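The structure appears right after this line, and notes come after that.
So that you can tell them apart, the chains are marked A, B, C, D, E and F in the order they are listed, and the count of residues begins at 1 in each.
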Amino acid sequence: MTKTLLSGDNLPNIPWEPRPPANGDVVWRYGKNPVIPRHATPTIDSIYNSAVVPFRGGFAGVFRCDDRSRNMTLRVGRSRDGIDFQIAEQRLEFSCDTPEIAQFLEGYDPRVVPLDGRYYVIWCNNYHGYTIGLGYTDDFERFHQLENAFLPFNRNGVLFPRRIGGEYMMLSRPSDAGHTPFGDIFLSHSKDLVYWGKHRHVMSPKRDGGLVNWQMTKIGAGPYPIETSEGWLLFYHGVLTTCNGFTYSMGAALLDLDKPWQVRYRTRPYLLSPDTLYENVGNTQNVLFPCAALTCAATGRIAIYYGAADTCTGLAFCQVDELFDFLKKNSEV
Amino acid sequence: MTKTLLSGDNLPNIPWEPRPPANGDVVWRYGKNPVIPRHATPTIDSIYNSAVVPFRGGFAGVFRCDDRSRNMTLRVGRSRDGIDFQIAEQRLEFSCDTPEIAQFLEGYDPRVVPLDGRYYVIWCNNYHGYTIGLGYTDDFERFHQLENAFLPFNRNGVLFPRRIGGEYMMLSRPSDAGHTPFGDIFLSHSKDLVYWGKHRHVMSPKRDGGLVNWQMTKIGAGPYPIETSEGWLLFYHGVLTTCNGFTYSMGAALLDLDKPWQVRYRTRPYLLSPDTLYENVGNTQNVLFPCAALTCAATGRIAIYYGAADTCTGLAFCQVDELFDFLKKNSEV
Amino acid sequence: MTKTLLSGDNLPNIPWEPRPPANGDVVWRYGKNPVIPRHATPTIDSIYNSAVVPFRGGFAGVFRCDDRSRNMTLRVGRSRDGIDFQIAEQRLEFSCDTPEIAQFLEGYDPRVVPLDGRYYVIWCNNYHGYTIGLGYTDDFERFHQLENAFLPFNRNGVLFPRRIGGEYMMLSRPSDAGHTPFGDIFLSHSKDLVYWGKHRHVMSPKRDGGLVNWQMTKIGAGPYPIETSEGWLLFYHGVLTTCNGFTYSMGAALLDLDKPWQVRYRTRPYLLSPDTLYENVGNTQNVLFPCAALTCAATGRIAIYYGAADTCTGLAFCQVDELFDFLKKNSEV
Amino acid sequence: MTKTLLSGDNLPNIPWEPRPPANGDVVWRYGKNPVIPRHATPTIDSIYNSAVVPFRGGFAGVFRCDDRSRNMTLRVGRSRDGIDFQIAEQRLEFSCDTPEIAQFLEGYDPRVVPLDGRYYVIWCNNYHGYTIGLGYTDDFERFHQLENAFLPFNRNGVLFPRRIGGEYMMLSRPSDAGHTPFGDIFLSHSKDLVYWGKHRHVMSPKRDGGLVNWQMTKIGAGPYPIETSEGWLLFYHGVLTTCNGFTYSMGAALLDLDKPWQVRYRTRPYLLSPDTLYENVGNTQNVLFPCAALTCAATGRIAIYYGAADTCTGLAFCQVDELFDFLKKNSEV
Amino acid sequence: MTKTLLSGDNLPNIPWEPRPPANGDVVWRYGKNPVIPRHATPTIDSIYNSAVVPFRGGFAGVFRCDDRSRNMTLRVGRSRDGIDFQIAEQRLEFSCDTPEIAQFLEGYDPRVVPLDGRYYVIWCNNYHGYTIGLGYTDDFERFHQLENAFLPFNRNGVLFPRRIGGEYMMLSRPSDAGHTPFGDIFLSHSKDLVYWGKHRHVMSPKRDGGLVNWQMTKIGAGPYPIETSEGWLLFYHGVLTTCNGFTYSMGAALLDLDKPWQVRYRTRPYLLSPDTLYENVGNTQNVLFPCAALTCAATGRIAIYYGAADTCTGLAFCQVDELFDFLKKNSEV
Amino acid sequence: MTKTLLSGDNLPNIPWEPRPPANGDVVWRYGKNPVIPRHATPTIDSIYNSAVVPFRGGFAGVFRCDDRSRNMTLRVGRSRDGIDFQIAEQRLEFSCDTPEIAQFLEGYDPRVVPLDGRYYVIWCNNYHGYTIGLGYTDDFERFHQLENAFLPFNRNGVLFPRRIGGEYMMLSRPSDAGHTPFGDIFLSHSKDLVYWGKHRHVMSPKRDGGLVNWQMTKIGAGPYPIETSEGWLLFYHGVLTTCNGFTYSMGAALLDLDKPWQVRYRTRPYLLSPDTLYENVGNTQNVLFPCAALTCAATGRIAIYYGAADTCTGLAFCQVDELFDFLKKNSEV
């Protein structure tokens, strides 16, 4: 067992591959990446920025699958081992009691969070502008859509996996109507997952001094926060703007357990940045976008799923102890 | 009494001036505009986009006063007749129980709404980006700040003056981090003025066909909605983008009484557009921005306060019957 | 009679006012400008950028009247003296034989050209983008719409008042889909006013050396060219971009009689630039936009109608001999 | 013989390769792509967006060859089999009778259309802005330049291979002066290939609802339309704007035989989108730009040449019956 | 004599007008502004942003006069009283020994500084981009041009009126190639007015916290620094960006006597901001741009010349004691 | 010995590889490129745009190493053969006597120039904006920082390796505060490396006629100029803007020996342009950026180090005779 206890899931069958000998990085890639190639099913253009959770002894997930019209759809996928996934041929459909929001136009960048015995799905939903859509499923077969959490324009909504101080909490990144060139992470409270308030600023891009860095343009929460004895472990993406576009990399932060809008540690360097052909080349070059993480408390293993180049899905691994050591030694809040 | 009953206030002493003989417009300007000149007090640069309500037999209000640093402050003002105002020399300060949001950096474009026996103040508040600040006063002396209603970026938050279906309702216009070149009006629900949800789209700029019109770029709610027998009367501003900048004009809409996100009528032409030197020239040329309206049910009179050229405050008048006739004959939802 | 013969009209009753004593400019303003104020009729917002021609002993014209929705409409106007105009309460409607283009969405910046015994109307027409609309009238009562001359995006189409070398000729300024920040004048040929070709470049903004000047951003033809013994006299507008927007001024050029895409003279300084309150302030500040000119060969008088601040209509005068002297002494092609 | 008759050429020796077994797509790539590599001749930087036609038992074409200055030149190429091409070492030169347009500055994105027993060349020509150049050859040795068809700014001009209703017809995409972020396809008529008129809107990018799709930014005609019993088959490119630039993909439409500005079918999904290293990486990443198609009526085979990444030339194949099935089942006009 | 000694000039005949009774501001306008109207001579469009110094018992200066081409020229002006100026009909010409820089294309925003017994002229000079031109005159008749001080892009170069620590010092504001939306003040050293180095940052726009203020976009030095017993008094302009363009206002700072890149005091509020028709309306609305100041040590009077709306020249006054009081009480460095 | 004498170093052990047989280009790549891969040391993200010089029988250099925060650092590297480099694990630190500029925030794109028996380091330094930092070392162990040469904003500062006419000379490219979309090369003089003046324009991007070419957007000096009998040989980069970003290629110019701001020859075509996976793909796609060259007078060999894709370092070779032949035959100044 590791020093830092990982609550939540304790998965003996988590996908795993040891760090390659020559690799000294705290996070390393799966050797057979992309774990899910772009043409995972014939009717899609690409599959990425997707959410995987343990489900009934195996794994299930909600995947961003851009179809051949490049429309952004959500689809269900299942896997025994977290490596080979069967992706649904049809887009995911939600039932919804509220006619005003029931028309599902687009969905992208989903997260799935186990909470109150259910699986909540959070995604970027188009309702007169992109905002945070919210729904749930019990079985990955029927899905029910709730009210959108916020007004447009918002992206990267991520629920915490339990109530804190009796309230639900959601991270999100307020945005604009385009390819937003800014973005801070905020946290909002709710008692019922319908009405949200008490909005708190969590963290900003690193703008200090104007120095170039990997997280200087915008940042956004990645997988849902992982509870540890020292705080909520949050993987997040940060964006650097080059003369030829955005580059998305991954870092991590540790949030206060009780007041998770307070950041205790935050990686100054990135953990992983586009550095392979499947991350550097594709629908959008130089994108590495984490959306899900699986953990094993007994071994301290973490497996991270991330979108690569807006095209396919990568997998990476780390050991929680090593990660905490790195985070604390390389922290700049 | 007019056909359309105006609930809310019934003010015999409402500021009023009959329509000039040669003027055929449904809304006409006060002859001595600007009713509040830019240097209403020596320490300010300008006073505009401000909120006036009846108070203890006279009038009180919260005013946007840009100081000589061009910092945007809120100040209290009082008047016996709604014409001559005494503006406070000091900026309005809120008490606040929540340290995370208590630091008051900037406030602009306030509205004041009588609700539940209090006066609620809504303004554009800078909390890591502009969003909707909320507070209240009982006496225009002590003010208390509540939680911000929404995440950034938002502007033009306007509360309804009573609960509808048991819930508070707020109009707002989601924005971006700059001089937003777009903007729709949305409506949000709340049971307690702290947590907000059930966000509904109300209306968009007139983009149909790409035809040039006065409300093609963005729109935003003005004075708080006025209850009538036929629906909520909403004055709002619309923006046209010329080759030399934005032009702000005023129109009106009638919203459903019970589902006020449903628009029943909406003026295709504007009601008032910058057309005088104090509206065309100043800190920002060509701005006419309504923020408050006073009504008299017995006579059907409405007096509208509006910011002019981001510099001073104008006053305009209309008769509710004439306005409804015009609105219905010139409506395009 | 003046040295340079003005063909075309010879109008004894042309509007005229001598140059004020203290004014040394070659073109001077009418003392009672704006000759047509913005509220010439109650249903319009503004009237400007409009075309006047002699008609049946008096004057008639097609006017750009933005209505109270700020929709851009064309309206007929008539006048006995060229000073007082009666503007139609209704927008001008064209009959049209071609259903594909018959839907008249918007029309602005009209010119009227007497040609082949008719009055041709050219305007900026919205057909999936702004392009050059074309029609004609015999009586300023019934108007017939022909095919659009060009593909979008185009503005400032101006016909020559007679065929040259057996062909009709049209000046125009190719544009983009917005508030175009560039623009040259081109000339196109036609045998039938339906099919156009043999496109020739006429002149560009003055970009040489990057030096600031009044015509550095874009230029566009104004009134239809006036035939003289020395060439076609073209008044045109030029645009300078300041840090706060565009400024429109007026200059003149003399085009070759037979090959009118060849420029013989062109004013290096402007003839008239926004310098009065009605030109500097209004819907768009700092706009002086000529669209029509009346001439009298016997006296050499020229009266120029121009839009002022996208709001009202101004009138200015010059003497053709003085103008030619100035043009030749201050020419830079 | 296929159900849908392909008029025009009937080429037994069309390049062809059957669909790979594992590939279910209606259009598939040539296995040895890029069929023409970037350094096809030593003096060029790249060769792409080019036009191939059957010629004297083999194939000839006009190719966009950017030289080592990155100047955009046209060059002649010849091939026996449509696979191996000999590209001229020198740029193509036109004779021209009109001095005003004879100076050939730049030429790019050519199409070649057999019409009236000749081979017409259409390209993007720089004449004070990009517009549609037009010329012809009988032998791919001597080329003669005609008048430019339109005023700037225009791109992607494509002639129909025969007169329709007695008139020549040209598709084109009006543009702006830069890397145009919009663009609809229009059709224009001509009786003589010199004067053009009767401009008709054909189709727009898919803007409906603001939903992301592969053809949401701009579209442009590709190879010249192929006559079939059911209409003109048009391959076209569509553009999606990501946060890191444009992506060009290929779709198809079926235009009415007699009124080819009326679209009968149009692919909602793309047919082919950048998905290989030579399409994703190069001078401009993520470009797949079709410019020519060869057909065989007897077998229903179609071979499509397309530019890849603004760098080299790809080849793809389809069967007309399968294509029509797909087009009709996946159509959204 | 005032408490703070003003070295430099001691002018009994400085233009002066007492503060109007109702005016409580520390700086007040001349009652007959604009002191120099836009048509000060017939051949110019406008006269503003200009430099006045005491000269031979009266006053002389170098003025920015945009001619009727809107070319930016420098012209000499003379005055007995500092109120009525005779402006030269011809543009100022420099002799120059260095052919590489001798071609004088444009000159604008001049300053004149008495130094080493001469009058140095500094202006914004176009040498492959705007940079700081430098020259001198002894008599305001013959002018000699020296080397440009810096590389492009630079504006608002201002020399100190004496050497400090044995070196010449120049303030400037590095810029970009357009209407620069940023700008800090720097200081550079020179031993010979030809070679410059030891560049020091002086002050930035007020960006702290993103709060709106009058000097948030860019700042630039105005008149040459005035030596006082407490430091160098620098009037400067600051710019605010509204949705409709830039607004230029005036503030003041006190720089260290020996290390003048160190700011001791700086006005948080502005001293003067566009608030009259001649400042709000003209070639560029809302510009108040100080370029020269005259001082009288005996009386403590300061007269400030400033450009108004890029059109004409205004004059304003203050008392040095009052100014220092204000500066110290309202300082935020 | 070659016809054109290469002064400076005469290195028998220069890295070298003959031109591959099939390659007819005047400059060819090293077959084992990237000569320095991105992960040359574990603590960096990338290594590129770096400077190598002969040092004590081997080679030393200053390298741009972006660390894992993507902060831009300088690091020392050493090599015996110019192929295998040992890169320091720590960032290079300068001693500095001037507290105002001693804080070293960022450094990038270094050049190293042997001059006066020392090695001068020039880099892009962040001092309230990017400008040209300057320092020196004698041993590549201790480095001393001098004054910044210029005011911001500047990049690509390159010293000449000896005084000319008794003065030091520096090339640079004035820039703006972002990813500058323009840029000319200038030359400045100094007598002491502290004060700079006599700024001369050297050359501009090729804007003539608006024709697309590889050096149309901006240009910047590469390795320090190489003295030859015919002038200073300057390798430089040029930038083309595609719809998807900048492309950086390499050309060469020959500058006058005594007045090196006068260009005698300049390559119209590029010498090398991104054309391999390591140049087309990486942190910034399509970048080929030369920063250092090694020469051997006896053999006429030149080895050029260049940054590839802002990720790794490439090596290329040429023969000076062949290069001069090419330059003269393909010159367009």
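Methods note: a residue touches a chain if its C-beta (ideal position, glycine included) is under 8 Å from a C-beta of that chain, and two chains touch if they have at least 3 such contacts.
Computed from a predicted model, the values in this text were never measured in an experiment.
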**Q.** Fewest touching-chain hops separating subunit A from subunit F
**A.** 1
Q. What is the touch distance from subunit B to subunit F, in steps?
A. 2
Q.
Quick check for the class: compute each chain's Cα centroid; which one is farthest from the centroid of subunit A?
A. C
Q.
If I list every residue number at the interface of subunit B and subunit E, are over half of them used by both copies, so same, or under half, so different?
A. different
Q.
Rounded to a multiple of 5, how large is the rotation, in degrees, that superposes the C-alpha trace of subunit A on subunit D?
A. 120
Q. How far is the middle of subunit C from the middle of subunit E, if each middle is the mean of its Cα atoms, in Å?
A. 41
Q) subunit A to subunit E: how many Å between their CA centres? A) 55
Q: Send over the residues of subunit F in touch with two or more other chains.
A: 244-245, 281, 285-286
Q: Sort out which chains touch which and give me every pair.
A: A-B, A-D, A-F, B-C, B-E, C-D, C-E, D-F, E-F
Q. Residues of subunit D touching subunit C in their complex?
A. 98, 100, 127-129, 131, 147-154, 172, 174, 176-177, 182, 184, 186, 188-191, 194-201, 204, 261
Q.
Show me the residue ranges of subunit C that touch subunit B in the complex, using the header's touch definition.
A. 38, 42, 45, 67-72, 105-106, 126, 179, 244-246, 281-286, 310
Q: Going by the contact rule at the top, pick out the subunit D residues touching subunit A in the complex.
A: 24, 209-214, 240, 242-245, 247, 249, 268-270, 273, 275, 277, 280-281, 285-286
